[in-house]
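Since the structure comes first, as structure tokens, the remarks are kept for the end.
Chain naming follows the written order as A, B, C and D, and within any one chain the residues start at number 1.
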Amino acid sequence: MSRLLEVSDLTTEFRSGPRVARVVDRVSFTLRPGEVLGLVGESGCGKSTTGFSIMRLLPPTARITGGAVRLDGDNLLTKSDEEMRQIRGGRIAMIFQDPMTSLNPVLTVGEQLVEVLREHRDMSRPDARAEAVRLLQEVGIPSPARRLDSYPHEFSGGMRQRMLIAIAIACTPQVLIADEPTTALDVTIQAQILRLLRQLNTEHRQTGILLITHDFAVVAQLCHRVVVMYAGEIVESGDVGEIFAEPKHPYTQALLGSLPSRGGERGALPAIEGLVPDPAAYPSGCRFHPRCRMAFEDCPVQHPSRIPVTPGHDAACLLYRR
Amino acid sequence: MGLVRFFARRILLTIPVLVGMSVVVFLLLRLVPGDPAQVILGLRATPEGLAAVHRDLGLDLPWHRQYLHWVGNFLSGDLGQDYRSHIPVAVLLRQRLPVTLELAALSMLVSLCTAIPLGVAAAVRRGGAADRAAMLLGLAGISIPDFWLAIMLILFVALGLGVLPSSGFMPLTQNLVGNLRSMALPSLTLAAGLAAVLVRMTRASMLDVLSREYIKFARAKGLRNRVVVYRHALRNAAIPIITLLGLQSGYLLGGAVIVEQVFDLPGLGSLTVTATLERNYPVVQATALLIGLLFVVVNIATDLVYGALNPRIRVG
Amino acid sequence: MSRLQEEQVADLVAKFKRGSITRREFIAAVSVLGGLTAVGGTIATLLKSSGLRGSLTGPVPAAAAGMPKRGGTLTAATIDKPVNMDPAFAELYSSMQVYQNIFSKLVYVDRNYKFVPGLAKSWRQVNATTWEFDLVDNAWFHNGDKFSAADVKYTFDRLFDKKLGAANAVFFTPTEGVEVVNPTRVRIVTKPNWGGLIPTLAAVLEVVNKRAIESADPKLQPVGTGPFRFLEWVKDDHITLERWDKYFKPGMPPLDRVIFKAIANDTVRLTGLQKGEINWIEQVPLQMVDQLKKAGAIKANPNGAFFPDLFLINCTKPPFDKVEVRQALSWALDRKAIARLVWFGQAMPSAEALAPTNPLYSGVDPYEGAPNVAKAKALLAKAGYPQGLKAIFAAQPQVPTQVQVGQLIQQMTKQAGIDIEVRSFESARWFEELATKRYDFTSTYWSATLDPEHCYFPLGHSQSPWNFAGYKDEQLDRALEKFRFTVDPVERKKAYAEVVRLTALGAPVVFQVNFLRTYWTQSNVEGVATLPSLELRMEDAWYA
Amino acid sequence: MASTEAAAYYPRVLRIGEILRRSRMASAGLTLGAVLVALAAFAPLVATADPTAMDFNAPFARPGLAHPFGADNFGRDVFSRVLFGYRTSLLVAAGSVGLALLFGTPLGLVAGFVGGITDHVIMRPMDALMAFPAILLTVSFAGVVGASTGVLIVVIAVVYLPIIARTMRASTLAVRAEPFVEGARSRGASPLRLMARHVVPNAMDPVLIQASVLMGIAILIEAALSFIGLGTQPPHPSLGLMLADGRDIMRDAPWVVIFPGLAIVLAVLSFNLVADGLRDVLDPRGALR
């Protein structure tokens, strides 16, 4: 049971007319119970699509074309739609990025909570309402009983994000996927939500959290291990401490370099030149080579595979050939 | 308490509009050439005869006195008499209103039962059979004039198959089956046009809502498809649909003139036309006010349903 | 021709009218009975009438089958809704169709234009200016008052009351006064030798009761001495009449009750009759007449050409102020095409108001052989329009036949150089155009044609309030007055022929066709026929 | 930068090429519309007979070689009357919508752009106009001036005025709130210049889509009003008039009501197809219903 969620060679493609964009390209990682795994990268690198691929919540134009996603040994990709539907919200839950648009404006908060409990834990209406009040309390919403019948527009952004979290953990899921949970919030609220997530992680030891973000600061505060994605591929993965201390992949180094650390000296933060590559026309060889300062003659030719640089810390860069 | 205040405010707001409308209709009728007495006496009119009719109907008074006289009677509940048939206008309206209301209700019902499910199905499975049907019904529906559809139904169904009556009205009180048979083709005609607009609106509105985040989140919660579509999506999509229904029912109440005439249904629409053509002042003034009032009632009802559906603008 | 033969011929005629046997079968059967000539005028008229498929306009034989049976309720459907039960106004023909069964007249006309007794048992012309009427003594008003001469006087006094403004007063202009001699005799004094008194009494004078008029609104509560009593009026739906037991004609009327409904739509009215919900209807869709007659399921009752349709021409302004232009229009008309295309063959081409069956019928037509483009063009040139002219025909969309005739003559007169534009006016505007004489020309029907005086006088005489054409012609005025003040039938017929000739030549009004008004009933309804006065006498009707 | 600047001047609707390429529906609508307009324009050549010519001895002629769509009770050729009827319909549609655009757009623009009291002063009468029973309006116009196609164009234009004004006002409000307008305003652009160069081009799209729909509806209204005798007058052929006249004789000659009706449907369909096509291309999310 040590491997709670095992993603191997997951590949997802978007098709619109002749164009085929391979947004997720042979991505593999594992999530252990109680662990918070950070999936980090610039926007457009395919991290959110990876999350939605795991949930099999892709738009009609997207299709998973390879790999496997094993939850507790079950390969989710072979599940029927109905089986997958029962898993969503039950064994795997998801927290969305923008609390303002993720709650149904015309249904009361209570209704949106109770319906998940009745669906997956088939509780009676009164029991579900009681459990809903407890959940709201658990995520830190004041006077939950009274607020149960209020509407989403009557809550602040922070409160609504707590609501989303309450809904996500309602059925004590094995895996919790959080897609940029704090991006839409201002800094002070962000800190509260992170504290809440950390608290949930310590209380629900058997739940694994996959945290999708572009913000290394959030990774630093919350994650045990981290996986760095670039252009649909995983370029580096390892323990948070190691990655922060000794980033191996030039892309990770560049990302960390452009992070304003508290004590660091003044001066302009180095930015990475160029733009994220178009998923339908990835550069040849190592996809980061056009923007990599350490690139050399082999990089545009040979496609690097992930090589363990130190135990538990691997990087996909030709600098570290076996 | 909020609701009462809401009603009070809305009613108070409409009074000036209705009064304004009654004045405009009153003046317009007098400005337009054509003397009611002439229409009454027809070819047998003589100068003395015309004078006698003018005296009898109070048309010899100056306009402002006529209007005040009419308002006075109106406030005491007397809507005056039909110049031609001397039938009290109140009786005429009591006979005609149910026909128009029944026609409006039936066609609204038929169109709702077809358009909403079809529109939802079209949006849920885009490009599917329902979607193609919705597009077809939509485009055809808004392109076919209702009076031509009426004639085609009469030609092929009533006369061709000899199944349903081609015209005439059987009151509900008299015989239910006869009534429904006489209302079948007219309500079908109006329903087709209404359903076309409704299915297009439902499809567009559902497509818009289904692309929203909270629907994605609802699916992420593992809710059944039926719950996601009907409880989450349709309730949000209903808001623009209700607005459209409000506008359309306005048309049904006053605008279905030609369908009423083609099927020879004694409704408010045809009454307005014949009364206007015959310069039947009291009838025109009363029907214009009644249709105006129905408009107001429909608008208030739409706002209420709006509030019920959309908590953000809930009233009271 | 033996009694038996006559009986058989009458039966054949009745069967032919119902359309249950075709014209060929009819002639074959008659010849078997003893040769065509022997059967007399009826058959001749039948054969001669061109364009009249299956209908008969000859003098109608008396009710062929047995004596009327008593009882039953007849539901009748007219086209328009009745509006006003006061006989002085005669407002809308649909009102007359109802109240003519509630009120009685002094004198009636039968199918063969004979004037028969009504409330007046007998009458005579005492001298040039005085007529005396002996009244029945067993007539009672529906409110219990006994009918007497005083009621006749009251009826006339009310008619001439300027304040009331009654339309029918116009027909009685030559009347000087009415005197009560005794309860059963009344004397009417008129201008010398007024030939039109009796026909006018038979056409438009219903006797009213003073107490009834003053106690309830005569528009809504009619009280007369007629065969049926007014029972109820459910507005916008129906009027019910009930047999008046104290009717002065013993044993009449056969029917217990008559219910009048109004169904505007021809198809709905026909369906009602076919389904049996209605027993008598005023008209069927015109283009279905032949088909229905062949089918024979419902009965077409003997009809008459008493409903002229005519052109009204405004003589007070160009282009029709010149008589030659009006004559050119007359020459350009193709009356057969109008009868066939606008009225679907249910009308007779006609150059005068009266029906051929009317004893005064003149047959005068100065435009024999119309349409004649050459003559029309010549007249236009003479009037100063060598290259033709434009004129506007005013039509009411609510009167389909008017719009149709407009479009038709537009085509007809184009070759003759008269370019007609058909312009629509809703009824209120149409009457306004007539009253203010802004129109060029238009068409209308005229329902009072029992006596020429009821039609030619109002439309043609310069002093008449209904001279819509604004026509002033000394010669025609004198001819009209000569005709009005002539009693002797032979002299009257000659005077009438002269009126027809002058009217046609002056052409303020141009007669086009006479519409064959046909009533349709279920097959078991007997005794219903169109009368020259266009009265709807339900007292004649009974269930076989 | 110049190219995007220029592009901003023309309402996207007018970039026909792009629309045709991207929407099959719009192109279908445009081709159908073009065919109908051509038929109407060359009616005299295409028509098999003079629309008002009667043939007394061929009433109710069945559809065949002589009369492709058959003949009416006066023997008039239905096919020719439909063609000339199109002229009236298209004239009324273009005329009324054109007039409504001419007056409605500026009113809506000013109301939306200036806002405040001006907005109310302009828009409240517009609302009143919308609630007014159109039939009374038609009768009074027809009454005063006499029913004719011209009166019809004015009446429909008056009915359309508030619709165009409201649509323009709504899109003006939306565009005015756009950052690029704020930017231009901050650079000191005069209100007039602002409106002309920035607001109008971008606000016109929904109005022109609405106009296309209204063109279709105008044809229906013309037919409807002529149907009850208040629109086009005989002998000018009008599709609505043909339906009205045909009603009494449709039992014997159904073609007299079938073909004019179909003609109306095709005309209205072409306008609706164009409107739908435009809406799909220019506003995929369907915000401009």
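Just so we're on the same page, a residue touches a chain if its C-beta (ideal position, glycine included) is under 8 Å from a C-beta of that chain, and two chains touch if they have at least 3 such contacts.
As the structure is a prediction and not an experimental result, all values here were calculated from the model.
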- Task: Give me the ID of the chain with the smallest distance between its Cα centroid and the all-protein Cα centroid.
- Result: B
- Message: From the C-alpha centres, identify the chain that is farthest from chain A.
- Response: C
- If you tally C-beta contacts across C-D and across B-C, the winner is B-C
- Note on the structure: Whole-Å distance, C-alpha centre of chain A to that of chain D, is 53
- Message: I'd like to verify one number: the distance from the centre of chain A to the centre of chain C, where each centre is the average of its C-alpha atoms, in whole angstrom.
- Response: 95
- How many Å are there between the centre of chain C and the centre of chain D, using C-alpha atoms for each centre? 49
- Whole-Å gap between the CA centroids of chain B and chain C: 43
- Query: In chain B, what residues contact two or more other chains?
  - Reply: 33-34, 277
- Message: If I count partner chains per residue in chain C, which residues reach a count of at least 2?
- Response: 398, 426, 428-429
- Message: Counting only residues that touch at least two other chains, what does the list for chain D look like?
- Response: 139, 143, 228, 251
- Message: Going by the touch definition at the top, which pairs of chains touch each other?
- Response: A-B, B-C, B-D, C-D
- State the interface residues of chain C toward chain B in the complex, per the touch definition above. 81, 83-84, 89-92, 162-167, 169-170, 219-220, 235-236, 263-265, 267-268, 271, 398, 426-429, 431-432, 434-435, 444, 446, 465-466, 468
- Task: Going by the contact rule at the top, pick out the chain B residues touching chain C in the complex.
- Result: 33-36, 38-53, 84-88, 91-92, 95, 165-168, 264, 266, 277-279
- Could you please specify the touching residues of chain D with respect to chain B in the complex? 128, 131-136, 139-140, 143-144, 216, 220, 223-224, 227-228, 243, 246-247, 250-251, 254, 257-258, 261, 264-265, 268-269, 272-273, 276, 285-287, 289
- Complex contacts: residues of chain B adjacent to chain D: 17, 20-21, 24-25, 28, 31-34, 139-140, 142-145, 147-148, 151-152, 154-155, 159, 201, 204-205, 207-208, 211, 240, 254-255, 257-258, 261-262, 272-273, 276-277, 284, 288, 291-292, 295
- Item | Residue ranges of chain D in contact with chain C within the complex | 52-54, 56, 59, 73-74, 139, 142-143, 146-147, 228-230, 233-235, 244-245, 248-249, 251-252
